[in-house]
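Below are structures written as structure tokens.
What follows is chain A paired twice: with chain B in the first complex and chain C in the second.
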Partner chain A sequence: MSSFLKIAIRNLLKGPSTDPYPFGETFVPKGLRGKVKYNAKACVACRMCEHVCAGGAIQIREVADKSGLEFILWHNTCAFCGLCEHYCPTKAIRLTEDYHTAHRQEDKYRYVEKGFIKYVNCARCATPMVPIALELLNVAYDQVNEDIEKLRHLCPKCRQERAL
Partner chain B sequence: MKKLLQKIAKKSPWLYRINAGSCNGCDVELATTACIPRYDVERLGCKYCGSPKHADIVLITGPLTARVKEKVLRLYDEIPNPKVTVAIGVCPISGGVFRDSYAITGPIDKFIPVDVNVPGCPPRPQAIIDGIVEAIKIWETRL
Partner chain C sequence: MSTYTIPVGPLHVALEEPMYFRVQVEGETVVGLDITAGFVHRGMESLALQRNIYQNITLTERLCSLCSNNHPFTYCMALEKIAGIKVPERGEYLRVIADEIKRIASNLFNTGILAHIIGFDSLFMHVMEIREIVQDTKETIYGNRMDLAANTIGGVKYNLSNEKIKYMIKQMDSLKKPLEEIVDIYMNNKLVRARTEGVGILPKEEAIRYGVVGPVARGSGVNNDVRVKSPYAAYDKIKVNVNVETGCDVRARAIVRLRDIQEAINIIQQCLKKLPDGPTCIDYLPEIPAGEAVAKSEAPRGELIYYLRTNGSDMPERLKWRVPTYMNWEALNVMMPGNKVSDIPLIITSIDPCISCTER
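Let's look at the complex of A and B:
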């Protein structure tokens, strides 16, 4: 009897265990995989994310006027598995902790994460190419010196000529 | 009398759950949303009901497999109008990872007018509650 009373009083003092959401704040566990955030500045367009995407949500394609590449991720077929984040060499894709995914039907095809990578011209031959992100250099080299910085602005062909 | 009923009905939409070939992940989240005190969807005046004839808001999970399609459509027709449809999870919305499979006939909005989408694989209980809140807003305008 006394043990029962103890539990009853403890529960009374503890208050309701119901999460106050949507009327109040809720908790977000650390590492929750929510909506995707894309950083076009760090992207090197290796298309690994497009390749590993389980739901086929990611598309990287050249825009009509050939001035750059367009990144589109449709959240409505994304399984939030995090493979894109795992395989991204420069960590340009991040899964945020934003779980508010409910939206109306009219926004179905607008529920996307978009990004645009503008081509830059090669410093020597002026061929348009995907800019090489600093993040990639940091992955590839211990220290980024002047020579590497020069190579960064060259297209693959000119880079090869210079290196050999 | 009718006005009074309409006023009351606004505050208590009943939920009905259709599993259109779901993997059960979203269904578990739906059960969590309704059945455990932590998320308690009944605070919004909602209640799960067992018969489609009592339903106001329909929650659909699953990619609408070829085998279950006719049954789901028949069940959907049994729900009286007005009704609000909520697609839970990426499968009914777009097919998700099952898209382009021979075994599924979805996405579900090819056959059923959907009002609210809640993507996720599965969505969090809080996201489902968000979707139900959105559905209740639509339900109030339809009465």
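Let's look at the complex of A and C:
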């Protein structure tokens, strides 16, 4: 018994080991998997995040007036597993260190992360298309030169014609 | 002396999960036992068939909180077997590190609960505080205290920078001394010995007959550690010392778990030292052909087996797992009779039952 008594006294002298949260700071390491942040500018609408999302928290849908795509993520359905971030080719979606998810009951269905990808028109035939993010070009090419930069503003069909 | 039946559970103060025992007693002594399970069935095998291979990584991780890394790990291994994917070497080592760190946290939790059940609550608090070192490590390296989300198809999702390796070495070193102290208490403290020694005996031949796995088997002198008997991931490249005790009682099983923690620290340090450079994961999206595979790993509670059948689509055709507790809880029929009523929760805890895994 005496062996434990020593430990107990030592623990007593150390004082409480709990954090005073929510009245004070608490341990939040860098890299904590918290609420998702979405960057519409880097998104290429490949829908891989929607495909891998275990809870079905992510939806990418065309808006009613067909002017672009809307990205919605329900924070309440998200499991913070980080698969979307792992499989996102341009890292348009990432998990932040923000773990605060308390909100009012009436905001339950509005507690979402939203983004809008506006279609751009093809520089040659004016067909609406999802803009090609610079981040995707950086993944695909070592160096983005002027020729590739021009291709970026063409729809897949025009791109094919130009390339041939 | 009169014989009567007492109910223990389904909700019992000493157990974390619901399970119902009908115990026949003669006076204060247990003579028979009836186990009824099925209170937390969530239909997860069926859910897995309605989700694609990626979504199932996250689903299997949520089977159980304490061995949450082993489920996606073993599931991914089965998938990789079917598709013939070769995991990069660094990925294999990182998988082992994730697995061992979960083993430390799981075993500390169980040994802590043991102290709580025998009424030694100050020891319970102390063990849980030591466990906080591991919890902080997990939160810093993986971003969550329980669900590491380390595994993915063809590797791992996390990487260790030099800074993080240093941090991990520091954390592991800071665990060693307090761990030695508590191992000494569990082995030599008079109060702990009085409650655990000679309680819940599972003789070696019965352990073999019931096919028990993990620390329950190793506490009865049976060595069937999957990490050594059929190595997976990077376990064939590192030295694993298996701890076997011959006490066959609650005390032996607790000591095996504590020694396993010390061995896990040793394994993590070996891995960090040998950690090769290179990619952590395959850099393409895998194509899964039709086929079937079995994969197994050593979870904190013992051998975990996954069976997976695919049909060429990205939804599995069948996913089934056999968890260690399924093998271990039958052995309670041997451990219980002859013991006192007050030892019932203690003996149940000594098999470290994971009901959420078993009933899924």
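Basically, the second predicted complex is superposed on the first by the 149 of 164 C-alpha atoms of A that agree within 3 Å, B and C clash if a C-alpha of one lies under 4 Å from a C-alpha of the other, contacts with A are read in each partner's own complex, and residues count from 1 in each chain.
We adopt the following convention: a residue touches a chain if its C-beta (ideal position, glycine included) is under 8 Å from a C-beta of that chain, and two chains touch if they have at least 3 such contacts.
The structure presented is a predicted model; accordingly, all values stated were derived computationally and were not measured.
Look at A:Ala8: by the touch rule set out above, it reaches chain C but stays clear of chain B. When the shared chain is aligned, chain B and chain C each come close enough to touch A:Ser17. Of the two partner chains, chain C is the only one that A:Tyr87 touches; chain B does not reach it. Of the two partner chains, chain C is the only one that A:His51 touches; chain B does not reach it.
Within the superposed three-chain model, A:Thr26 lies in touch with chain B and out of touch with chain C [touch as defined at top]. In the superposition on chain A, contact is made by A:His75 with chain B only, not with chain C.
In the superposition on chain A, contact of A:Ala102 is made with chain B only, not with chain C. Chain A residues 17, 32, 54-55, 79-81 lie at the interface with chain B in one structure and with chain C in the other.
Taken in their complex, chain A has these residues touching chain C: 1, 3-4, 7-8, 11, 17, 27, 29-33, 51-55, 79-83, 86-87, 95. Residues of chain C that touch chain A in their complex: 51-52, 54-59, 61-62, 122-123, 125-126, 129, 132, 136, 139-144, 147, 149, 152, 157, 181, 184-185, 188-191. By the touch rule above, chain A contacts chain B in their complex via residues 16-19, 21-23, 26, 32, 54-56, 74-81, 99-105, 108, 111. Contacts from chain B toward chain A in the complex involve residues 37-40, 43-44, 90, 93-97, 99, 109, 113-121, 123-124, 126-131, 133-134, 138.
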